[in-house]
Amino acid sequence: MGMVGGGKDAFIGAIHRIAANMDGLIEFTSGALSINPEIAKDSAKSLFLPESRTYLTFEEMFQKEAALPEDQRIDFVTIVTPNFAHFAPAMMALNNGIHVVIEKPITFSLDEAKQLKQKVDETGLLLCLTHTYSGYPMVKQARAMVREGALGAVRKVIVEYPQGWLSKLSEREAGNAGAAWRTDPKRSGKAGAMGDIGTHAWHLAEYITGAKVTKLCADLNIMVQGRALDDDGNVLLKFDNGAAGVLIASQVAAGEENALKIRIYGEKGGLEWAQQEPNTLLVKWLDQPTQILRAGSGYAHLSSFATKNCRTPGGHPEGYLEAFGNIYRNFAQTLLCRVNGGEPTPEMLDFPRVEDGIRGMAFIDTVVASNGSDQKWTEFSV
Amino acid sequence: MGMVGGGKDAFIGAIHRIAANMDGLIEFTSGALSINPEIAKDSAKSLFLPESRTYLTFEEMFQKEAALPEDQRIDFVTIVTPNFAHFAPAMMALNNGIHVVIEKPITFSLDEAKQLKQKVDETGLLLCLTHTYSGYPMVKQARAMVREGALGAVRKVIVEYPQGWLSKLSEREAGNAGAAWRTDPKRSGKAGAMGDIGTHAWHLAEYITGAKVTKLCADLNIMVQGRALDDDGNVLLKFDNGAAGVLIASQVAAGEENALKIRIYGEKGGLEWAQQEPNTLLVKWLDQPTQILRAGSGYAHLSSFATKNCRTPGGHPEGYLEAFGNIYRNFAQTLLCRVNGGEPTPEMLDFPRVEDGIRGMAFIDTVVASNGSDQKWTEFSV
Amino acid sequence: MGMVGGGKDAFIGAIHRIAANMDGLIEFTSGALSINPEIAKDSAKSLFLPESRTYLTFEEMFQKEAALPEDQRIDFVTIVTPNFAHFAPAMMALNNGIHVVIEKPITFSLDEAKQLKQKVDETGLLLCLTHTYSGYPMVKQARAMVREGALGAVRKVIVEYPQGWLSKLSEREAGNAGAAWRTDPKRSGKAGAMGDIGTHAWHLAEYITGAKVTKLCADLNIMVQGRALDDDGNVLLKFDNGAAGVLIASQVAAGEENALKIRIYGEKGGLEWAQQEPNTLLVKWLDQPTQILRAGSGYAHLSSFATKNCRTPGGHPEGYLEAFGNIYRNFAQTLLCRVNGGEPTPEMLDFPRVEDGIRGMAFIDTVVASNGSDQKWTEFSV
Amino acid sequence: MGMVGGGKDAFIGAIHRIAANMDGLIEFTSGALSINPEIAKDSAKSLFLPESRTYLTFEEMFQKEAALPEDQRIDFVTIVTPNFAHFAPAMMALNNGIHVVIEKPITFSLDEAKQLKQKVDETGLLLCLTHTYSGYPMVKQARAMVREGALGAVRKVIVEYPQGWLSKLSEREAGNAGAAWRTDPKRSGKAGAMGDIGTHAWHLAEYITGAKVTKLCADLNIMVQGRALDDDGNVLLKFDNGAAGVLIASQVAAGEENALKIRIYGEKGGLEWAQQEPNTLLVKWLDQPTQILRAGSGYAHLSSFATKNCRTPGGHPEGYLEAFGNIYRNFAQTLLCRVNGGEPTPEMLDFPRVEDGIRGMAFIDTVVASNGSDQKWTEFSV
């Protein structure tokens, strides 16, 4: 594995490395870790990268890696730069025969995402998008239950992602680089909170229900004066299976951490999952007591999509890093099958792709368009 | 206290009687308990009413009671009939100098509500509307904290009321009278779930924040085929203080009981209260650990509006009946002050009035209008 | 109903009156509310008692009430004085043909309790002991499930009752009468926390499991210097069915309110109930997901002992006052059957009796004896 | 890092490898993974170990590794064999200058543990014992708060570890190797549940409070017929600071997963931490609302011992593997300081040692002795 971005001043790079390390399947061997050469070198050193594979630009990395013997060069690259700097390295990696893992949102614009898809289709390479929350085992359990019809037809979806960390104008504080680029339209894109976390909420809703949003009605707000992008929003949703829903995303929900939560109601029952207590899935029945499904439990109810994404037995809580690790593990196992000639299982193939990235960019475009419109509904099409 | 409706086949009448009995301040002495004479008589007997004050119609009751000596006749009447049958007895009671307690929604139409208000204004009598959830002590604590500015300016409101009991076409089942009239536009009014429980959610939002909804965007749904009124809905809200919000009401959220919940976020922190665990108020701070405020606790933080609406010390859970009892107790104490000449305290005066009823009817009208409109926003004015 | 004790300076009297009022089955008509004549009179007046039935001593009350015509005099008396003053009025009431409700612990000593039992047996009158927590519907559900063998043989019981209100020497503070008598061996009895709340925990364990404690090993502590009775204790338990257990009671568990909780494990599963969230019973299965049973729910799983002790449908939380009211209601319905000649149902007969009181006093004696012994086990026999 | 035990049929070996891999500080390079040569080889291959460093016995491993150049050989070995097979490889590693990480309990007997301590003292090498639960950040936060006197003097400790997985005679089922050796006195030691999980509970109590158990009173039970060792137990505890406590451990608490929980009460407040929701620490105050402290939160309240053991910001749940990883990371950082000449910080030095192992073995001995005694109290001395 190589890495673009993720120098020692960046949070998300460290997360990706832990996730990739966890299972002993992936070796981190090279990187272009910062556009600042000093940071790039220092970071590489502290991460035990050899000097020979410490690069100052992604262009250098892909050229030199591609020139190495096949069994020495990187199989894939992870791109963890800010949004505006996803497209160029991803495209160049694909052009050099290198598979790609990319932090979400996939690109800066929908158009870039479509170009990436074309390139993925041409090259046949893998592109994995780290919509982390879809890596949690009980999210996969929820999806399996909906698919199997345990709830009957889905009628209602409530998905929410409240955070509080932008309740003040934190982007103006020294040292808050994460807030600074996320609230800057030039680096983040058209949307603020809706792009950063609303897309996660949207993805979770489509991932679990298997239904697609067909139209929506968005109300985006800038609650903190002096900010250029939305820090709060509420969206009405309609799905292609007749379900209705609400999506709530906010970064000014003061006092909240990362309270992503989804509830799905069907004819026969409902599901509730909350990211901050991720090992539990509440299953609410119309005519029976609510059940508490727990990750790692031995009883026969759990789908193989849940059990194969756990590393410990019940009662040993797993968390965000393991969910992230599941994305990497499934991707790596699929890649290993390619390399070794095996056939990946459906569980291995269960990681987000370029298609998810395109719909995610379209979600942002549609939400922003709806917010600017006097009409109630705006079509969501890709 | 007299009662109109609430015979032995009705749920809500029994609730009102328990709530009124609880504190030994109110004596239940007469009733026109059913339009069915047999049920009226049987119910009265089983409730130990004297035959002389068992009436077959509300007209009879008000005439005969008004003719009794002042110290013997009823001071007030409680109206617990279906929505369409609120207006006539309320108006006649007021015309006969009898104070009124009325189950929500106040009337069948906004126009009736306005007529009632005019009559209340003319007569100077009290009209109490049982928006029960505003009777919970921790709801009152939340309101007091917002008023005192503990959260700073309110930015976001999320209020939701999911129930699951209409997930099937239960109104067609024998013996489900409550489902039958609530889903019948002739007896219930213009809206289904939005009228029955959406109004409670709306009232809670305005009651706690002290802000008024100025416009909204509603999406109402009929999820169970064969039903004439909405059984599900999602509404975007804008408030007069600049806050934005979402209101969710559903009676097809399969597996939910009565999961009314409200979250309010301001500049400095957030509040979360859930009806099913009503003795707890979560107070989330931007820069401090979340606090768990508990009803009945001795510490100095609780407002007098919370403490005066508790009957037990901390750790002895109080519930729905006590919240209902608080509405009655505050109303009765205010009435006692009128009779005995004292001045009611602000805590006594804290019960919903005819003005809440008018805004509630306007909320229903506005939601229904918005649902029928292609425009995003519909003004909410009274 | 008459009342001995419970004047306006006493907490528990008010609770008893609310519980008795709630269902409209019981009329509060006379009282000897305080040994202080002024308080007795003032309290009676503020509670709307007629002067003619306001008494200054319980002796006066029983003499005069017994002299009234049968349809006017009180059917039963409620005794809510401190522990040392339970026996005399209870005995005199029984001697005058008046049924008795008595706050727990039944008497000051085991010997008094045995005398009361003899009198109850002689007279055939009812004696109801308000072990409130056994009045909760989900406690009754737990008991029904154990009885039906849902868990298989019971193996382990963990019952705990932590409170924090005696973490300081509160009995020395002005105006804390409740702390003063509870910590005074002359008024409270041999044990402090174990008598006041340990007995509730013990009763709950025997009530739900149907098993009897046969021996125990107690460690009682005085954690606050200057106190004469235990304010904390831990007890190992052995039951007659082979189960083992732990009982924890503390009034110096700083920060706890009234956190009574019981867990019971059998061969096939476990039960968990907590008083502060009393409408929920967790049912944990060995090979199935945990279920959340909820009071008032419509599904067929709930025992008639649970459903008949609810006043509202699911999702409308009931609490401590309703549990207290259930004791009164069941007692009153049993009494009504006596008066009217009917046969009380098993559900009506489900309230604590003089036998529970005797075992409760023996529990206190045994715990105190064990605490003073160097031997591990002390037999619990009555 | 080398590993003894942990072949592909063992659960705990995989956990250790994930924990060691996680932070990129430790490289897994050699192993004697099974006493079965085929399993040893297959396991090593599937874990990408080179053949040259795949050993069939620990003796071979230590001899050959010790013969490698210093910069190539393993710095430390992890021992993850069943209890009876801890001592010999640990002793040999220390004799060969190799640091040791060892799964708990440290040895089969107290005597072995004392010999290991002597060797550790002689050699000056590090021995790290994986009492995993002390690796959780909010456990460290609790310890820091007690140390700083936030609670005042500690009065009461309630620590419990209920599991349900031995509710049946699972050790007789094919393929349940873990149950088989844990319930076998020849491989597990004197105690069953008390040795396996009671020691974790005891360690947590001493770790957080900083107090030492001075005497105890144990009641051990065999609830499942046919078993040779305790599967359930309750223990009264006395601490050297005057606190009293209860320790509960059970493997027949049907329906429980791994419900380790500790509550500590002092003069001013209490702490509550539960392993299954490990990112939360409840802080209960005598005169203030309960606070919810959360791992990873930015507010100033958290101790450096908590913050340095988190990898993600608040709201990204971390779990058991991260807690395990913290033990490894702190150990590895201490080792790096040794190698590189730096001074480890107090936070790095915060991992369990041979002394914890000795007290743990003494705890088992004392509990078993007390269980066999008629005396209430048995001294706990080392």
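A, B, C and D label the chains in the order they appear, each numbered from 1.
We adopt the following convention: a residue touches a chain if its C-beta (ideal position, glycine included) is under 8 Å from a C-beta of that chain, and two chains touch if they have at least 3 such contacts.
On a predicted model such as this, the values are computed, not experimentally measured, just so you know.
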| item | value |
| --- | --- |
| Assembly fragments, subunit B aside and the remaining chains unmoved | one piece |
| Furthest chain, CA centroid comparison against subunit A | C |
| Which of B-C and C-D has more C-beta contact pairs | C-D |
| Distance from subunit C to subunit B - Cα centre to Cα centre, in angstrom | 34 |
| Inter-chain centre distance, subunit B versus subunit D - centres from mean C-alpha coordinates, in Å | 55 |
| Interchain centroid distance [CA atoms averaged], subunit C/subunit D, Å | 43 |
| Subunit C residues counted as touching two or more neighbouring chains | 256, 283, 290, 294, 297 |
| Subunit B-touching residues of subunit C, taken from the complex the two chains share | 11, 14-15, 17-18, 21-24, 28, 47-48, 163, 256-259, 275-279, 294, 296-297, 311-322 |
| In the complex with subunit A, residue positions of subunit C that touch it | 283, 287-294, 297-299, 301 |
| List of subunit A residues in touch with subunit B within their complex | 151, 155-156, 158, 160, 162, 164, 167-168, 217, 219, 221, 223, 232, 234, 236, 238, 244-246, 248, 250, 252-256, 263, 265-270, 283-286, 290, 373-377 |
